[in-house]
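By letter and in written order, the chains are A, B, C and D; residue numbering begins at 1 in each of them.
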Amino acid sequence: MARLNVGLIGVGRLGRVYARDLSSRIASTRLIAVADTNAELAKTIAAEFGAARAYQDPADLIADRDVDAVVIVSPTHTHRDIAIAALDAGKPMFCEKPPAIHLEAALDMAAAVQRTGTFFQMGFMRRFDPGYAAAKKQIEDGRIGRPVVFKATSRDPFPPSVAYADPRSSGGIFVDMGIHDFDLARWFMGDVATVQAVGAVLAFPELGAVGDKDNVIATMTFADGRLGVVDLTRNGFYGYDISTELLGPAGTIRIGYIRETPLLVMTRNNVAHDTVPYFMERFERAYTLQLENFAANVLGQRAAPITIHDGVEALRVAIAATRASETGHTVDVSSVEAERV
Amino acid sequence: MARLNVGLIGVGRLGRVYARDLSSRIASTRLIAVADTNAELAKTIAAEFGAARAYQDPADLIADRDVDAVVIVSPTHTHRDIAIAALDAGKPMFCEKPPAIHLEAALDMAAAVQRTGTFFQMGFMRRFDPGYAAAKKQIEDGRIGRPVVFKATSRDPFPPSVAYADPRSSGGIFVDMGIHDFDLARWFMGDVATVQAVGAVLAFPELGAVGDKDNVIATMTFADGRLGVVDLTRNGFYGYDISTELLGPAGTIRIGYIRETPLLVMTRNNVAHDTVPYFMERFERAYTLQLENFAANVLGQRAAPITIHDGVEALRVAIAATRASETGHTVDVSSVEAERV
Amino acid sequence: MARLNVGLIGVGRLGRVYARDLSSRIASTRLIAVADTNAELAKTIAAEFGAARAYQDPADLIADRDVDAVVIVSPTHTHRDIAIAALDAGKPMFCEKPPAIHLEAALDMAAAVQRTGTFFQMGFMRRFDPGYAAAKKQIEDGRIGRPVVFKATSRDPFPPSVAYADPRSSGGIFVDMGIHDFDLARWFMGDVATVQAVGAVLAFPELGAVGDKDNVIATMTFADGRLGVVDLTRNGFYGYDISTELLGPAGTIRIGYIRETPLLVMTRNNVAHDTVPYFMERFERAYTLQLENFAANVLGQRAAPITIHDGVEALRVAIAATRASETGHTVDVSSVEAERV
Amino acid sequence: MARLNVGLIGVGRLGRVYARDLSSRIASTRLIAVADTNAELAKTIAAEFGAARAYQDPADLIADRDVDAVVIVSPTHTHRDIAIAALDAGKPMFCEKPPAIHLEAALDMAAAVQRTGTFFQMGFMRRFDPGYAAAKKQIEDGRIGRPVVFKATSRDPFPPSVAYADPRSSGGIFVDMGIHDFDLARWFMGDVATVQAVGAVLAFPELGAVGDKDNVIATMTFADGRLGVVDLTRNGFYGYDISTELLGPAGTIRIGYIRETPLLVMTRNNVAHDTVPYFMERFERAYTLQLENFAANVLGQRAAPITIHDGVEALRVAIAATRASETGHTVDVSSVEAERV
């Protein structure tokens, strides 16, 4: 079986998971190089997962002739330059979400994809979760008719660090957390026309201090008039809770679960079970399937199922929601354009 | 609409519920008389529920010419004499389970029903629970094919008083608690051929001191070779838990729930809900529907859906299980015959 | 025990349920008179539930000296005149929701309550549902801290008739269906400051033809900055689905269930259960408890737990949501004032 | 990190899974050799998972000096000879359940373990399932007190081939399927004293033709008088259903789930979800954790958590249950001794 020699750029928390998957869980990939601005970390991860080469500069990894394809999990603000370099080098590429936090950067990436014709796959792992994939199939099979309302809830079990949450680097809660839900919205329902939103700092004043919010709700109208709503919270202390619903004319489909182990403890007048701790427990399989799909697409010369366009448009909705929550006005998504930053 | 004038014998805990149902919840009945050996209680209940007459002696209630029908909820050991008196008086009758704790007494009642031809309806309220009724219908509709295994679990949230549990008056756990499950077994699967059982005193030594057990398990083979199992416990502290399953060649049906209010409380790493407190909360509606059915049968001159034969045979299985748990041997249900006591 | 002699005005679908509860399920009430513009229906219901008197004109019922208290379940547009007449007559009164569909009428009723000092209880039965009541208690006990986000979903399993849904008589979906959710929002979170909303006709064009919508979503900011969202649909074909959530700093509370009977049918690769058909099955007990509470308050000379003010304010939010969905703008709830109509 | 060089004997259905785990999912193992009587298959699997050597004769694998440890997943009837050869060669060993189908063979293995002092770990993967492991911890933490009743249900979604099910090679349903439940019984409750059982052929006459049963129920008394029940079926068509309960004096613990994807499809009056297809989906993680534990024990020179004694005793209970179901008598587990076969 042909195997894809992959170079991995960025080996922080999520990058380490990608290193494990690329090196040992996916039969069609081989992890041959890693790069990280933290050179020591690059070496450690390379050693742990049997990658022969460790680079500090992503450019060196991209230039490595044995590297067939590049996977980018570096910090979001670095995506643009690395992606464009890889695209120009003709290296097929997978890029973790979001593409960027500023629309301008994402559009630059889109322009480079267009210009070079290099393969580019956007990372939105939920689409590979067996639950979401099964929902998509049920919808396509007509089980509930054509959905009329999209609902999504995402809750993190604890807040990010203030440094991480700073909207100048994270894009704010709608971009950082919500982009997954806006991508699902587009995947299931098509383009978003307008957005309204409310938001507040209700649990973590320190997040407010840097300009972020910890609880937000956005409603959407889709291009064809259908409706949607996304609510996000950073204080879902009970567990990591991601749930999505598609309400159609013949029924409804719900995706999501909150229970981790199959254990029910029933004591005096009380029945209790545990909860999913965090995103790696919930989406472990989706991450693996996503990279497996990336490798199969590159090896099989198939088109990417999630494109830079999907990344750009989900980002545009997230920015529209951010503006709507700041102004209290309905925002036309199409009015969100790149501003030089 | 014709209304049935009912006389109620026995107004203890359950009798009070019957008084309420007969007087106010069932459009087709009127509670016109109550009887209880506790004359004061009879008067109090009669006043509370608007029954015109209160008797101490059940014979007086039976003899009351305005009493169209009799409902018996008095202590089990009194059923035989009261039932036979009412049958002889030609009064249609409803009798709470079990018919008796000794097979002899139950057979005497059966003989009186046979001899007099008077209407007699045995009380097994679970058959009127919307869940069990729906299960019966699903089985008849062939949803899972003809069931091959019957499973039932009954758990009380706290033990009875030692006085109540004494097998000399209660019949022991298999008769007192299990008779409901054995009736369901017969209702869904037909006659029971053989029984094996184990039992122990594992939670309440005081029950062991009077000769009862607090945890028992009985397996059954039905007359046609199919299988069943019933397990009972008196230490189901978490809540009142009644669950039954019918496993068929094309699927399985489960009846039962443990959640009382529709409330889910999710706190740090824990999701919890409450439980059903006890039998009145679980079977409140079944009790009402059962008496409503009784009234409809008497007024409409229809046959009783649950007969003294059903009472006798469920009791026979319960006694067989008791013997099996004492001897460790397989007991043929048909070998259980009346012994003069 | 003292019993309250109640006169019931309006004996349509819900009125019939109230007649049953007042006559037979509530020990502290006696149904002595009914009134309905359909005189035949008034007589039929009076006969069925043993009310001695049947009136066509509500004024006659109100004037009946034996009528201690009045329960109004007549069409919404008649509430104002009937209520004011009863208030002027000094008859304690229970009024089904909504108080009115125009704010002016509701304010007129509020003025009459103020002027006469007569007892007035607003009907919002969900507050008496054991689930919602338990949630309130959990909140007060501090189980999840002070809630920061309120979420509510209401779904009807089929659309109303076009005649019923016509916003000129129903007030539109936010008033007709949503007022329950807006009342819950106020009950759990306090006053609503601003509302945004979207809505569309996505399932029943005939509803659009008369100016109503069938799917709407409203977000709210409460007076103290906390957040809320309510979504309503008239095409919840799978069953009657009412669910509410309170997300707090230490956890979340969910109220709601969709399963009717305790039956699980498991067949090849599929586990299925049924759903709650409609509001009477879901809230049967709440309706009874609500009237029981009304009687206890009147007999015990206690203040009404739900006042005309609660009715006025929930209506004001519903009207604000309607306007917001029409304009796409954020609406200050306090800006919604009575217009002569 | 030290890695254990493992030789794998038997690469059929489950063996292939072990090959994948040993080669790629477990950081502390390296799959260096495989053996199978089907030499072609051995070569194919070796190539697929990067094992350098493929043998036809297990003796050659055992003799391979680079093989540090041996994992046996060959057919049950071959376990004895292979295990004894490996033990004599001083190769630490993991052996898939059951140790054997005849007690004599299992005892021979136990004697060899005793004689050689070589490390031997018995495979009962359920003990490594996060659900069962969490249950064990909850029990040890005293959440429900000391359990008094053990209940277990195992259901296969389709029958084995007649050739596989033949009791002469499988040991019959109690040995083949039930040994997992009897091991759990011993793990949670201690030694089993007596067994009663019933069984029948109710779904697959062809299984009856070779002397097996397709539905069985066994009750147990433990050495200290506590109670247990295990029921098994080969016609659990709705899905693979493994559930276990521990009822204690202060509550109950249930382990098990039947839902595969987090998808709920709600259509007219029906809410449905899918089911777990089969054992690999249910216990995938447990299998991996089990081998990981084996490697850690060998590398760390720790004692095996599951010994040949556990294998022998679970087998003894399974044989006792088989005899009990054939005779209808209570069987003392200690009376089950090896017979030369």
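The working rule: a residue touches a chain if its C-beta (ideal position, glycine included) is under 8 Å from a C-beta of that chain, and two chains touch if they have at least 3 such contacts.
Note that the structure is predicted; figures quoted are calculated from it, not measured.
K.L.:
Farthest from subunit C by Cα centre, which chain is it? Let me know.
P.N.:
The chain lying farthest from subunit C is D.
K.L.:
For the pairs A-B and B-C, output the one whose chains share more C-beta pairs in contact.
P.N.:
B-C
K.L.:
List the centre-to-centre spacing of subunit B and subunit D in whole Å, with centres computed as mean CA coordinates.
P.N.:
For subunit B versus subunit D, the centre distance works out to 42 Å.
K.L.:
Counting in whole Å, what is the centre-to-centre distance of subunit A and subunit B, each centre being its mean C-alpha position?
P.N.:
Each chain reduced to its C-alpha mean, subunit A and subunit B end up 58 Å apart.
K.L.:
Between subunit B and subunit C, what is the separation of their C-alpha centroids in Å?
P.N.:
From the centre of subunit B to the centre of subunit C is 40 Å.
K.L.:
What parts of subunit B, by residue number, touch at least two of the other chains?
P.N.:
237-238, 250-252, 259, 266-268, 274
K.L.:
What residues of subunit A sit close enough to touch subunit C in their complex?
P.N.:
148-149, 151, 194, 196-200, 202-203, 215-217, 219-221, 225-227, 229, 231, 233, 235-238, 247, 249-252, 328-330
K.L.:
Where on subunit C does subunit D make contact in their complex?
P.N.:
Residues of subunit C touching subunit D: 237-239, 258-259, 266-275, 277.
K.L.:
Contact residues on subunit D for subunit A in the complex?
P.N.:
Result: residues 24-25, 27, 130-131, 134-135, 138, 143-144, 250-257, 259-268, 274 of subunit D touch subunit A.
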